[in-house]
Every structure is written in structure tokens, then in C-alpha cells.
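See the structures that follow.
In the two complexes that follow, subunit A is the common piece, with subunit B as its partner first and subunit C second.
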Partner chain A sequence: MIIMTSRQQILKLYKTMLRESQKFPSYNFKQYAVRRVHDAFKENRSLTDAKFIENQLKEAYRNLDIIKRQVIIGQLYSTEKLVIENIEKNKK
Partner chain B sequence: MSGIVKNIRALTRHSCYFRAYSVRPLAVTLQKSHTVQQEPVHQQNLLSYTQTRFYSPEIKKTKPSEEEIKERVLKVCASYDKVTADKRLITPHERSYSAKPPLTLKLISERVLLVLQLYDKINPDKLNLKSHFINDLGLDSLDHVEVIMAMEDEFGFEIPDADAERLLTPADIVRYVGDREDVYE
Partner chain C sequence: MLPYMTSSFGNMHSRTHAFGWNAEAGVEKARAQVAGLINSSPCEIVFTSGATESSNLAIKGALNYIKKNKIKKPHVITTQTEHKCVLETLRELEDEVEVTYLKVDNKGLIDLEELKRSIKDNTAMIAVMAVNNEIGTVQPLEEIGKIAKKNNVLFFCDAAQGVGKIPIDVNKNNISLMSISGHKMYGPKGIGALFVKNKVRILPLQSGGGQERNFRSGTNPVPLIVGLGKAAEIAKEEMKSNFEYVKMLAQKLIKIIKGNETQESKNDNILPFVIRNGDENGYPGCVNLSFPYVEGESLLLSLPGVALSSGSACTSQSLEPSYVLRALGTKDDLAHSSIRFGIGKFTTEEEVVETAEKVKESVTKLREMSPLYEMVKEGINLDEINWGDN
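The block that comes next holds the complex of A and B.
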């Protein structure tokens, strides 16, 4: 596992980004981040150019740091939950 | 209040460096002025400016008398309710812990299939325990990661990536969860 192929690395990155995106306290940011991560990875599924893939990976790691920072800031200055979120909780 | 008055009187008599404290250290200042009186020669050499600082006098609490203490003790004893005291002394014999619902393999497989049915990329008709995610259900590796994440959320424990890439059918997942949760049938 320590020696990761790039495929495993990408899948691990995908999972990490999704996990961090779900930590957003704000409903809007959370939904946007999850959807954007999903769409971006889906879009770049069938890439073959190694250099391009490397660039995309760097971009992804940078975005992961952004997500982590914004999660912490959002938790510091959180607001009330939206009405939609209360409905979701009741449904569960 | 009387302490401050005393200080002002002492102040007017001796034009020395004074500091007026609250009631308790008053004795200190008076003693100081007393020692100065014994050396009148040096008094002229001292600067004839006066500086006083007034602090709020301490509120002295009078110590309660024995009668008062007796009364208060009796009052506390009288209000000692025997009924509540009994309830308090007896320790509760049952302890409540939080626990997960008891898992059986059947329950695990039901939950796994439910989660997969809720996933919109999977066709519920084709879904059964033996259907392969990639070959039969047409998911790709990214969808597989999402499915594994959903399983982690459902059962409340993390599945490491090394194990996750080997779980390619619902039956595998059910067996893996059973192994993790020690569910043997």
C-alpha cells in the first residue's frame, strides 16, 4: 500500500476530497464541493497524457487544501441550519 | 469610614509620605507615624509632600455566635428529608451503555442491499448479492469508491483502501462487515 500506483493514488485522493467536502457546515458549500469534486473526476476519467494528468493532480491537491481550510473557517463562523437540512434530518 | 477619618487626622499632623490603606493595615501606618515622632530631627529633611491613596474599606464579617451556629445546624438537619436521602444513598444497580443493534448476516445483507438500491447509478432490477459492481452493474472505479464510502457511513467504521479494492460484489461486502463486527452464523 505504501507503494501506490497512480490509479490507487487518484482513487485515494477522490475519497479524501469527498470526505473533506462533507465536513462543510454550510449546506451550499457542502453540496457544491461534493458535486464539483464528483464532476471534475468524472470529466477527467479518460485522460492519457501523463503531463496533463500530473497537472490535474497538483490542482486537485491544491483544492483539497482549500477545502480543508474553508471547512475549519466555516466551523469557526457557522450560522444556523437551513430549513432544507431540518427536513432531511426529520426524514431520517 | 472611621479608618479614613483617622488617616486624614494623622495626615494633617505629620506632613510625611503616607499611604492610607483599608481598616486592617491601619495599625501599620499609625506605627510608622509613631516612629517618626521619635526622630523629629529627620522630619525636616523629609520632603513635605503628602501622598494618600484611599482604598475601599474591607467589609468585616462578624463571626457567628455559637447560638447562631446551633440554629443553622438544626435547620439543616430538620430539612434533611429521609425519603430523598434513601433514594440518593442506594446506588442504581443497572448501568446503561450505548450499543449498536445486534447484527446478523441477514440484517447486514438487507442493509447493504438497501444502501445500494438508494444509489441512483445502480439499476435495482439487476441488483442481487452476487452481482459484480464493475462487470454486471456497470459502475466504474469512482462509483465503486462512492459505494464503499456509503458502506462506511452505514456501518460506522472505516474501510481501508487495500481492503476496499477487493470488495467487488455485495456478497463480499456482507462477508467483510460480518468479519469486522464478529458476526458468525
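The block that comes next holds the complex of A and C.
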């Protein structure tokens, strides 16, 4: 039951972190945050030790707070879009 | 850093109130974080304004002590490809200090046998950088450290470009003094550190209140130090994955521009005659390419949306060809046609692909306008032409 709850909790956290990362106004910070979130969850996908999972979860929640805070700061001082962002946008 | 710019604004050197204690706690935590990255003791870390100050303090501080207490005219062995902060510092001291500038091979590596042969009775210091800032070459620190230890000589290492990117263990490498830069590992600009091994003696360069174990007087910039500490902690945690990521991007960049060895003769979609400067086994975040028959500055001007440089940021105002590339034996025309691609953890794959394609396009266009390239295409060997006769 504990594992089930954790799995749902982890999935929800993963999605929230990705969603929040997308809010970075800076292209490079956004891409970096998305890549790091993705890699970290992939790296820890096969963890079984409940205590270790709990610690990793706590760390992830701390990082979620950092992402949220940095997004706000980034929005306060956002800059012009980079050349690459316009190219990406046109491709889409 | 924000709390130390707002609520915890105290002067860390104030010992009589909580504001000072809070600031001091932040600084001491950062000291431990930096020490943890290089496997030193926190008390061996001295905060400075950056790697340039660290290198000045290490070289001048140590040599001043040696001159005063041990050897009248000490001898220093360094390399021709060191950062300007090392070369200029040593050049300034040349009246009082004997300096040997070791040559490097075409990859930028020193010859360890030549290093051994260069050691004399008055040799006091070996000054060799960890990672070259223009070509990414990584020097054999462990072997250099062993030579320094065996000969009872100080080993000063300017590791500004290496700390946080590749594993550097000051104990394993027997390093006596080492420069660290904040912004090179995604920390703030204007902050750095000097590792001073326990029992290594240096004299301070500035007089004042005796802060930082009397090595560096002046009030410490607490928010910057806290930022450096956090950057060191993150760098340690991410080092392996960042290295692999940067390596993947570097390989992609090179493959798109110049292809691999087997591709070169077959594929029309790559640029011919491109030369990679430096050591391909060095740090991958520093890719230096020469595009013969194209002026590097013209190439930069044709790529307005891309942040590139033809040399290091510190020498980018100069139009002289890179002294690092010349030390490798690169001819002036090739050195003039070189571009340094800096790749980091915030660089994306899309940026690398787009940059590589734009570079290919621009180099092709510029070569089309080049009479020299026209001659090469006609099979004329430019090296055999005596330009002076015309």
C-alpha cells in the first residue's frame, strides 16, 4: 500500500516538476530543468528501498520549490527571446 | 544567495552579534562545500575575487615567502599555454625570479621528461594549469604532482577551467596551491578561491584586517561566497552527468561540421579541411576548430545570432592570433581562422545543431569569395608559393 501511494505520489510530482519547469522564461534554463527532471526520475526508476525513496522524494520536493522560486525570479527579469527559440517556434 | 542580500545582511567578520554569526555560518558552509569538491580541508580554502586574483596570490605570495626565507632567486617552471593571469604574473616577476616556459606538443600537452629535466637546485614551483581555457587540453596532473613531490617543489595549478567539470583531487594530485573560479562552474562572477595546502607558506599581497587566515585582507562578499559554495555542491553532484551530456553535444557539433575520419572523403554534406585544435581526449566543453581560407573574425560577424569567440573572453579584444594555438605549432593563418565553441550544461542539442549548420553555411559562403580557396580547389599547394616574389 505504501509503495502504491508512493508511486502515485511520484508520478504526480514528476508531472508537476515538468509542468513548472516549462514556465521558465529563459530558454536554456527551461530546457535544462526539463532535462534534469527527466534524467533524475529515469535514474531512480528502479529504486526499491522505501527509506531511500522517501529521501529522494523529499529532495525532489525541495527542488520543486527551487524551480517555482526561480521561475518567479526569471519572470521578473526576463529578456528577449533567443534566435533558437524563434527557429523552434517556426518549425512547430 | 538571496537571504544573504536581504535578511542575513551581516558582516561575517562581526563577532559580537547574531547578524555577523549568521553570515559567518553561511560562509563556513560554503568553504566546506568548495573543499568537498576538491577533497581538501575547509581550512585550506581562501576566498578571493576570482581565479586571476587567486593565481596572483599563489605565485607572488609563495615566491615572496621563498625569496625572503629560502632561495634568493627562485626558479619557476610553467608552460607556454597558461592563462594570461599566470603568464603575466610571472613576466612581471622575471627580474627576481627565473622562469622556464615549457613547450607543449601539438595537442597542448607538456612533456613530462622535459619537466623533469628542467628542475634545478633553485626550482621552487611548477605552475601548470589543469584544463586549457582555449583548447580544453587536460594536463597529466597526477604525474606532475608526483614529480613536484619527489623534488620537494610546490605545485601550483590554475584549475579555473577544470574544477566542477572534471574530478580534481588536490591530495591525490599532490597540489600545493590551486586557483578556483566561481563563474566557470555556474557560480557568480567576482568570486573565486585559492586552495592553500596546509603548511604551504605564502605572504599576503594586500594589508588590512587579516581576514581569510591573514592571506587576503578585506571584507568577504558573503552572498557571492554562498553562491560559490552552492555552485560547488551542485557541480559535484552533477559532474558525471554534465560531462557525458557536454561530450555528447561536442561530438554532435564536430560530426555535423567535419564528419568523422571515414566520412570526410565520402560525404559532401560536411566541410572539408576543418582542423580540430587541441586534444580530442581533453575537456569536451571547449571545442576549438580552424576553418582554413576563412578569417575567424569574418566568420563570427557572419553569425550574429550565435555567441561564439575566436579565443578566450580575456583576450577577445585583441586581434592577434591566439598565443595558445601558436604554442601548439599552428601557423598564423590557421590560428586566425579558429573559432572556440564553448559548450556547457545549459547548451541544448537544438542550439548545437543550428550552430553547426550555420557555421557550415557561412564558411562555404566565405570560401566561395576567397581567391585562396579557389587556388586550393584548382590543386595549387599554397605552401609552395613564394608570395614575396609577386
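Please note the rule applied: the second predicted complex is superposed on the first by the 88 of 92 C-alpha atoms of A that agree within 3 Å, B and C clash if a C-alpha of one lies under 4 Å from a C-alpha of the other, contacts with A are read in each partner's own complex, and residues count from 1 in each chain.
Quick note on the criterion: a residue touches a chain if its C-beta (ideal position, glycine included) is under 8 Å from a C-beta of that chain, and two chains touch if they have at least 3 such contacts.
Please read these numbers as outputs of a predicted model, since none were measured by experiment.
By the touch criterion defined above, A:I72 reaches neither subunit B nor subunit C. Remark: subunit A residues 1, 7-8, 11-12, 14-15, 18-19, 38, 41-42, 45 touch subunit B in the complex. Within the complex, the subunit C residues that touch subunit A are 238, 241, 245, 305-306, 345-348, 350-351, 354.
Contacts from subunit B toward subunit A in the complex involve residues 140-142, 145-146, 148-149, 160-162, 165. Listing the residues of subunit A that touch subunit C in their complex gives 27-29, 31-32, 35-36, 39, 82-84, 87-88.
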